[in-house]
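Order of writing sets the chain letters: A, B and C. Residues in each chain are counted from 1.
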Amino acid sequence: MKSRKRTMFVAAAAVLCLVLLAAIAGCAPKEPANGGDETTEIKIGMVGPLSGDAAAYGINILRAAEIAIEEANASGELGDITLKIISEDTEGDWAKAANAFTKLIDVDGVSVIIGGVLSSESEAGSDIVKDAAIPTISPSSTSVDLTKGNPYLFRNCLSDEVQAVQLAEFAVEELGMGKFAILFTKNDYGESLRDAFKNKAEELAEVVAVESFMDKDNDFKAQITKIKEKNPDCLYIAGYYTEAAKIAQQAQQAGMDIQLLGADGLCNVVFLEVGEDAVEGTYATSGFYPDDPMTAVQDFVKAYKDKHGEEPDMFAAQGYDAARIVIEAIKSKGTTSEQIREGIAATADFPGITGKTSLDEEGDTIKDVLILKVENGKFVRVR
Amino acid sequence: MIGPYYLQLLILIGINTIMATSLNLILGYTGQLSIGHAAFMSLGAYGSALVTLHFGFPFLVSLLCGALFAAFFGIIIGLPTLRLKGDYLAIATLGLGEIVRIVFLNLELTGGAVGLRGIPKKTTLLWVVLAVLFTVFILSRIIRSRIGRAFIAIREDETAADSMGINSTYYKTLCFGVGAFFAGLGGGLFAHYMRYLNPNSFGFMRSIEHLCMVVLGGLGNMWGAFIGATILTVTPELLRTVADLRLLIYGAVLVLMMRVRPQGLLGQPLRNGIPLLGRFFQQARPKL
Amino acid sequence: MFIQQLINGLILGSTYALIALGYTMVYGIIELINFAHGEIYMFGAFVGLILVTVFKVPFILAFLLAMAAGALLGITVEYLAYRPLRQSSRLAALISAIGASIFLSNLALLIMGAQPYTFPSPFDATVYRTSLFVISKVEIIVLASSILLMIALTLFVQRTKVGKAMRATAQDKDTASLMGININRIITITFAIGSALGAAAGVMVGVYFRTVTPTMGLMPGLKGFVAAVIGGIGNIPGAMFGGIALGIAEVMGAAYISSQYRDAVAFALLIIVLLLKPSGLLGRTAQEKV
């Protein structure tokens, strides 16, 4: 009796599993063959963290990309083609990003993907999009050599190398700094910024301390106390805005009178809100300046604010540009994945809201770096 | 015939089945609560990937190297901690898992926080199916042997088992070694499927996921591990249709499933009112 | 520098202690690793934040209301996710707790969004400087409040009738219920107090570190639990002690070993303590019942 009951349970559970599998198969819309004949709707995939620790980055990019696509659909610039964005969450986990990429390509039949957001997500997706020949443009994955050797992977964010080198030069030449300390976040973004900045700073001046912290850490006093001992005149923060603002606060409290420097990860209002007067005078490299008088920038800032009630940050701006690059590619070359790929690869002097963007033969970005300074609780452009 | 997405899901179900069955040996059969299974997986994944990248060994050999590497560390790490019981063991394995992750995050050899790239894709569905069958076969042989009976005796009552002449430390170490070996095998398959590794995916949330698979399927049941792995691999994917609400529902599903069937889908019902593992957990009871 | 690092560790440790207090209360009674505690901490921080910024409630009142709200949430979670599993294996309850934790943090994400909120500080930014170390007013308040809460809690458990009932329940539920103690009521009260403490920790840490996000509970929740285990789980002064030990270990690890291995040092301390004294630094070793 007992064993019969068990067998029944095994059978029932096995059936449940099959049903679950069948259910996902059933959810899949039956795709028409991805032929070249008249498709009026082009699906654009978006992969990024929409939940979990990194959700803020993914959500901002998605919102901005949605705005770009809505605008394109409304303006009729693509004729009878309409665009549709389909987003998939990664929870900030690259292994789950692999599922998201495959699902978008296989089940939804997207022609082009915007994403991943974190470098690890793009790394995990790199081979998948290459195998499937789906062009993919990442708005924010900065890890070194990401796009190398993959003709389907592009990015439109500032390279860490360029940002760090330009800022190191600026600090030495314009600000007359001589003793640097570096505090970096222990992920791909922080590490590659650290490497680039450290090399340049050592070449031009002296680096006295290099310390690290984990993403989403709250307490940096131990590192700050250690750095303070070394008496640097300048601290380069290679990380994101929330942590950077806390570092600024805690450094100020520790009685450090120090020039703060940072990269594009700092450019968010949260940095100003949390940091208050502790972040005054901070210099940061950026591709995006929300107070830029350029009409494209002002239109975007207004559209974003109207829709979401907050000022767009660097992530959002890059997400918008990524979507715009895709739209331009469709406009100039055509609607198939291969044509979109060609279009993206040919991007040159694209007038984005994060500056004039060109892509090199490796799919990496060439664009100007702005240097912003925090003055009276606002980012101001100095170069 | 079968799209890449479903193929990928099947492969992940297979890998997760290996992870869950091997954890089931530790948790379900031997009664040792381990929340560090992802660490063994990462050891196997990095071990086999590095061997493939640096020495170009055949796939099977790399997999074996990774699995042995994980087993070796499983024993080394496991030996001292196995003196601990219940929740204390759980929290110690959790700590060890985090330490392993942080070490990988800082090693040059493994690419640090940037991750390890360019691992060749060698895992296919066939390999995974073979590996699952191999795992299930070996583990069920072990369970039905003298060793397995010793494991179960330790689960039921360690003190009694000791007094019956079962060397519980030896068997617990053996159990961790075997469990880590198969977790390493799963990790190796994972690495050669994903083609990229980054320590951040092997944190304690992943260990918790494995734990959920085992408990949901039913402790001490081979089929249970498979079913738990299937459900928890497929459900989050299925929930992609509800977008924003995905993880919200996922969390609720976990709570509801435990309410409806607390012993897991195929778990053994309670005996004499003593929950499975209940006796074991009564030791080391803190006082307020 | 050493003294300054010691102070840094002490303050960080007292934030862990605040979280660990609630953890240890709940564990002491039902031996459940209450994974949702980190989310209650997050919830408390959000309630405090909304009261202060939207409703302009004075800080102390907001703090108390957040504690009340946290208690309410704790009772609800216990009622929905843990109580039905009281008679089942503790692993089932653990999974249920994990489910509740995932549910709550994603609910917060859905409602509040992912962007961090800034907690306006109710305290002025006074910093006291001596030749050896620097300490700010808010740091002193964090430290003092964790000590005060610990003392209050110890007195409550040791001196009141309910506290006595709690200790009896922790020791042996069946016997306690034979003695006329309403076990369900005691467990509810424990969850209420533990969760109120979690919410209090959320507000304090929110004020101290200035930001509140839906995922803020995960890591501190874990560290809080580790602190409770180091100190001897179920032991109230132990939670305080464990929190501070953990904080100091982390800071010293970052200062004298490497900031890259900061968390690893904390977890290594945990394992060493467990190996040397499995019941925690202040825990009493329970006699094994055969």
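Criterion: a residue touches a chain if its C-beta (ideal position, glycine included) is under 8 Å from a C-beta of that chain, and two chains touch if they have at least 3 such contacts.
The shown structure was predicted, so the numbers you read here are calculated from the model rather than taken from an experiment.
In terms of inter-chain touching, the protein chains here all touch one another pairwise. Counting contacting C-beta pairs between every two chains, the top pair is B-C. Between chain A and chain B, the centres computed from C-alpha atoms are 33 Å apart. The centroid of the Cα atoms in chain B and the matching centroid in chain C are 29 Å apart.
For chain B, the set of residues that touch two or more other chains comprises 105-106, 244, 246-247. Looking at chain A, one finds that residues 51, 186 touch two or more other chains. Looking at chain C, residues 106, 260, 263 sit in touch with two or more other chains.
For chain C in complex with chain A, the touching residues are 1, 4-5, 8-9, 11-12, 15, 106, 109, 113-116, 118, 125, 127, 129, 134, 136, 205, 209-211, 213-215, 218-220, 250-252, 254-255, 259-260, 262-263. By the touch criterion given at the top, residues 27, 33, 80-81, 83-85, 87-88, 90-92, 94-96, 98-99, 102-103, 105-106, 159-160, 204, 208, 211-212, 215-216, 219, 244-248, 250-256, 258-259, 262-264, 270, 273, 275-278, 281-288 of chain B touch chain C in their complex.
Against chain A, in their complex, chain B makes its touches with residues 3-6, 8-9, 12, 105-106, 112-115, 117, 121, 190, 194-196, 198, 200-201, 217, 223-224, 227, 230-231, 234-238, 240-241, 243-244, 246-247, 265-266.
By the touch criterion given at the top, residues 27-29, 31, 33, 80-81, 84-85, 87-96, 98-104, 106-107, 110, 157, 166-167, 170-171, 222, 225-226, 229, 232-236, 260-261, 263-264, 267-268, 270-271, 274-275, 278-279, 283-284, 286, 288-290 of chain C touch chain B in their complex. By the touch rule above, chain A contacts chain C in their complex via residues 51-53, 55-56, 58-60, 186, 211-214, 216, 218-219, 221-223, 225-226, 229, 242, 245-246, 249, 253-255, 270, 273-274, 310.
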